[in-house]
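What follows is a group of structures, each given as structure tokens.
Presented sequentially are two complexes of chain A, the first with chain B as partner and the second with chain C.
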Partner chain A sequence: METNTSTTRKVNQSTTRNTKTKSLWKEIYKNRVAYLFLLPKLLFFVLFMLVPIVWAFILSFQEFNIMGSTWVGFDNYITAFQSKVFKVSLWNTFIYTVVTVPAFVITALVIASLVQPLGKMSQSFFRAAFYLPTVTSMVIIAMVWRWMYNYRFGIFNYIIGWFGFEPVNWLGQSDSALPALMIMSILIPPGAGIIIYLAAMNDIDQSLYEAARIDGASAFQRWLKITIPMLKPTTLYLVILSTIGSFQVFTQIIMMTGGGPGNATETIVHVIYKTAFRDFKFGLASAQSVILFFIIMIFAIFQYRTLRDHH
Partner chain B sequence: MKQNQKLGKFLIYVTLIFMAVVSLLPLYWVFATSLQLPSYQNETMEEPINYVESTPPKLYPVGVNEYFHQWKMREAAEDAGNEAQAVYHDQKMDEVVTKTFEGFVILFERTKIMKWLLNSLYISIVTTVAIVLIDTMSGYVLAKKKFPGKMIIFWAIISTMMIPEQVTLVPTFMMVQKLQLFDTHWALIFPSLALAFGVFLMRQFLLAIPDELIEAAKIDGASEWKIFWTVIVPLAKPAMAVLSIFTFVLMWNSFLWPIIVLNDENLLTLPAGLKTLQDANLASFKLLMTGATVAAIPMIVFFLLFQRYFVKGLSMGGVKQ
Partner chain C sequence: MKKWLLGIVSLMLVFGIFAGCSNDDASKDMSEDEWKDWEGTITMWDGPRWADKDENKYHWIEEKMSEFQKEYPNVKIKLVKTPWAEMNDKLSVAIAGRAWPDIAPVDISGGSVNQNHIKQGVIAELDSYLSKEEKSDFYDNAIDAYTTDGKLYGIPTSISVHAMLLNLDIFEEKGVEPPKDGKWTYDEFVEKMKALTGDGVDGFSTYILPSYYEAWPFLLMDGGYPLNEDMTEYTFDSEEAVSGLQKLVDLKYKHKVTPESMGGQDVGGTWKAWAAADQRTVAVEPWATWAIAAAQGEKFKTNFMVAEYPTGETGEPVTIGGVGGYVMFNSKDEAKKRMTAEFMKYITSTDEQVVTAKNYGTFPARKSAADQEPFADNPQMARAQELAKHAVPVPRHENWARIDEAIQKELQLALNGEKKPAEALKDAGEAVDGIINE
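On to the complex of A and B.
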């Protein structure tokens, strides 16, 4: 039955092939319900995603004025790369990423490896305990860490006092402000990473471990030779995810240091924010955000390649 | 050997519990400080002490201790038959309670935090409902229908998943201004409806649904709209739950965009409101931490209720940390 109808349809189609556009319109009309289902998404997607993306690239070659924008070629990009603040922010963001991303992934791997052999109950308990601190907004986390870093009343200076260290003006000195933000990022548990690793570990074929155990491999050897290689795709995913996240670091900066002291904690997104919404240089801000876009892209591709090739 | 294994397991538990305690400490510090006793003086002190700003820091709300201390003193005074003393300690007990919870009273009376809470709730719920509906609709046709331009539309949407929010910050801001949505809640809701993740998630999920189910409904004479509601939506529920959680958390914690498009104090969301509280520099630290507590508790409750879906969403690559 079905084959019959489809052949008749084919015949019908071939007779109208000479009017190709007509049949396309027919196809579209026939599927009008599908387009209607897509319509709401497409409307918002075009207005608030597609147009803004194209517009961002156009703006980056323009000088924005309320009276009308003018084309300036690559001027915005040149200005961006000549600006000291932007260069510092690139460097700071880079350092921040290089330090915090490995810490995030390694901590997640170690904690997940410790939690995984425990029973189901313990697994879900620790999963919640490590994820809970990260479900709250970064604004809240930043507010309390700012207080914990307080020179006079902060708990950090109290703790290092036990070991005989002098109090440190953590966020108030240009040499300790960025390290303080990195310490904070490292000490916030990698809740998402732990959950993702745990899910991946529970999926590893148990017979691999059985075989290795029969061959006399120790627990550590099994971890090194089976668990870690089997987790490569997950590791890759987490490295990319956390790198992209770390290049977008913003909330801590605006809530804790405002980029200071000096430019010590300026990051790319904070500079974009200031350029656009404090100085209202929309063209320059767009150029900066296009640069951010390419950096993230390059990093993502680079990381994907290296981690995949090692596999 | 057995002994060794037991010891090993014990050490793992100790290590993990220690790490969990350390990681929960800042959150504990938020709650403890919101209940800390500010500028208080009892009969043994020469001058009032502000426990919020004391060195070394007080690791727990001192009011608890002080309350029981005053209670004991009152009992002692009553036993000794000293009326005046008993009344004094009774008043001190009241003072401790008042001062411990004073942050919450001030916050709800003098700031707009109640409005911010409701705004956050409203925006998160409206966006979640809208996203789940339109993304399930588009995910369905992209998974199950054949029509001209399908693949172009799908890839156009999916390819924007990698683009960071900051890239479109300025143009979206200009778009919002052009549409005269600046300083309205629509400025937060509409751009979120353009996100690609939900379409991707729903399409992947619905691809696995057998075509026969849809065909059968069609033979029964059901309209497309009816098929969507009676066949697709019930089957898509697990993915819809994950998408709801993802969207709700995203909207609730969203910060950069609200501080750009919202100006009016009455319209702010919780994170944006907390920022104005900190910027004002008038609020004491106790008050800031009280605000943080009010903002943190709904999300913690939400997480504990729907933990299962958080875990699912994370493994599907959904919920961002």
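On to the complex of A and C.
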């Protein structure tokens, strides 16, 4: 009896799946012109995103040389996890992410909250003002910041000198190099975050604020009880996006510290880059990339589950 | 569109793109002189050298290309102008993508092209294109640098060494006599650095960075060397090497004659602290020979002299040397390779080495070029050239880039005062042993 019920359920599930597939194809056929326009982009996605990702995954099980490759099973993964430098880079990247992501999101939220009540013209001005630095290449930003951290002529040592502090060898000492890079990331205006938050804030129904005002809620209470909860999906999006960005931090490292002093500022992507393009160990680099992929995925799932809007 | 048709079109597109990216040329047999009729394009990467009146720093190679193309009208040489700072990374990426050029300027001991590439067949062997006579015109150490397992994998163009550059204006301001004939012991060096330090000036500074060797002669001055002769063992934890590193560290912490940032990674800042008129705060820095030409140029015109590294227990003013040259990347087209070799020989001839020596501040790799005394009227370069006899090369291990990084990162920590010299060199050894024993 139980077997019959189970078989019936399986048949039903199969029939439902077939029906769904058929209706999906019908839907695609119905909108074929739209899909035709999407096709070039889709092809590019497959060629330049999907194929490399799948290829990297396959490579991670191979010892890949320029002239050929051999299958090595999980050896590359074992090597990656046995590497002291890779473990240090995982930790550094984790610390960097834990510090910079909240700073990025909170700064964007606060600035957007201060700009949003302004008129349209002022909003546009601040949008442009805060977004403009985002357009600047990180290479240029890193070069300028490197100069700002200069031991003898840098502005930071000049400022702390006013308060009687000794100059700091910002990028040269193990205990200050990573914090210096984090300070740099935090102080760069989060232009994209501000723009996205502003757009989301302007979409919040004003009647909610009216009702709260009538009930005697202060401006801070309205911000805390209405704005922040209503921005939860946007916050989730920004947290996930900036986490991915933080885990992939690279340009600052290669431009400003090269991962040093010692391994104080080694990050995962910098290690992957060196493994691939300096040591030509593409299999190992691919394994490291796959590990990074899963770390980011786990973080994203965790963040999604914690921050998603249940309503 | 039918599914199968869509599939075929997609596959064709994918194969078409990959075929377009392919670097392989069709292989073909040729008779003795057939290569002269070869028709096609040779792709060459080169970096900026000295500028002409229009500030064009590629004028020399463009002129050579044009002359060669006149001689072989079927040949087109395509120049990819690549800043030196980007050369290594771009070459690495190109090799990884199997889309390498035909010729590139490469210091074979550097990171982007190394012994591994030779083993994997990326670099073409050149023995069949250079006669014994032609080879005998090059200095032995220059030819040796591009030779692996008895086969030649490049044509050397220049030899470089590291030397101490002394800012004589600062010496004069401080009333300090420069070392006689540029020779000094470590103790004499320390005394002079102490006399130069003070009132916003530091006696000495340098930086520590993977693949940069300005500070290394200090580590070698008492007899230390990174690897044993057959490169199977790490030897930089020897007493001699520790003593050498201690001497370098002492300059910062015991004798206090360096800036706090000494041993960091700021190459540009270190150079400016010695050479920029408005930022001159360091009297003595070690540099590779290109810096001599730069300090003689208009932008960083400096009143300076060239000195030896101070001598340690060995009594020799040890320095680190390197050999620059051009390598040919492999191709299946023998005629093309032969033509490419011809062009390489053209730009590395005696006359061209004299021209580059005079204008670009490199020492010729050819004896016949050195015989023409390109530095007869340039005493600073002539002085640096004398140091070449004390130059030792870095080990030519196939994983040298990784070994070098493991050592340099520990040197950074020692120079930061975060580790004792012996501890740093011992810790470097653990990493290096792992790499050697892979």
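Just so we're on the same page, the second predicted complex is superposed on the first by the 256 of 311 C-alpha atoms of A that agree within 3 Å, B and C clash if a C-alpha of one lies under 4 Å from a C-alpha of the other, contacts with A are read in each partner's own complex, and residues count from 1 in each chain.
Going forward, a residue touches a chain if its C-beta (ideal position, glycine included) is under 8 Å from a C-beta of that chain, and two chains touch if they have at least 3 such contacts.
Here the structure is a predicted model, which is why all the values come from computation and not from measurement.
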item: Combined model on chain A where chain B meets chain C, clash or fit; value: clash
item: Contacts of A:173 with chain B and chain C, given as first, second, both or neither; value: second
item: Which of chain B and chain C A:263 touches, first, second, both or neither; value: second
item: Touching partner for A:300 - first (chain B), second (chain C), both, neither; value: first
item: Touched partner set for A:139, first chain B, second chain C, both or neither; value: first
item: Touched partner set for A:277, first chain B, second chain C, both or neither; value: both
item: Touching partner for A:197 - first (chain B), second (chain C), both, neither; value: neither
item: Partner chain in contact with A:96 - chain B first, chain C second, else both or neither; value: neither
item: First (chain B), second (chain C), both or neither touched by A:130; value: first
item: Chain touching more of chain A, residue-wise (chain B, chain C); value: B
item: Partner chain(s) touched by A:53 [first = chain B, second = chain C, both, neither]; value: first
item: Chain B and chain C footprints on chain A, overlapping residues; value: 47, 152-153, 276-277, 282
item: Complex contacts: residues of chain B adjacent to chain A; value: 9, 12-13, 15-16, 19-20, 22-24, 26-27, 29-30, 33, 52-57, 134-135, 137-138, 140-142, 145-148, 150, 153, 156-157, 160, 162-175, 179, 190-191, 193-196, 199, 224, 228, 249, 252-253, 255-256, 260, 270-271, 274-275, 278, 285, 288-289, 292, 295-296, 299-300, 302-304, 307, 310-311, 314-315, 317, 319-321
item: Residues of chain A defined as touching chain B within the complex; value: 24, 27-28, 31, 33-35, 37-38, 40-42, 44-45, 47-53, 55-56, 59, 111, 114-115, 117-118, 122, 124, 126-141, 143-145, 147-148, 152-155, 158, 161, 187-193, 195-196, 199, 237, 241, 244-245, 247-248, 250-251, 254-255, 269, 272-273, 276-277, 282, 285-286, 289-290, 292-293, 296-297, 300
item: Chain C contact footprint on chain A (complex, rising order); value: 43, 47, 65-67, 84, 146, 150-153, 167, 169, 171-174, 257-263, 274, 276-280, 282
item: Parts of chain C lying in touch with chain A, wherever the complex brings them together; value: 10, 13-14, 17, 89, 92-93, 95-96, 98, 111-112, 116-117, 120-122, 209-210, 259-261, 263-266, 269, 273, 279, 281, 399, 401-402, 405, 409-410, 412-413, 416, 418, 431
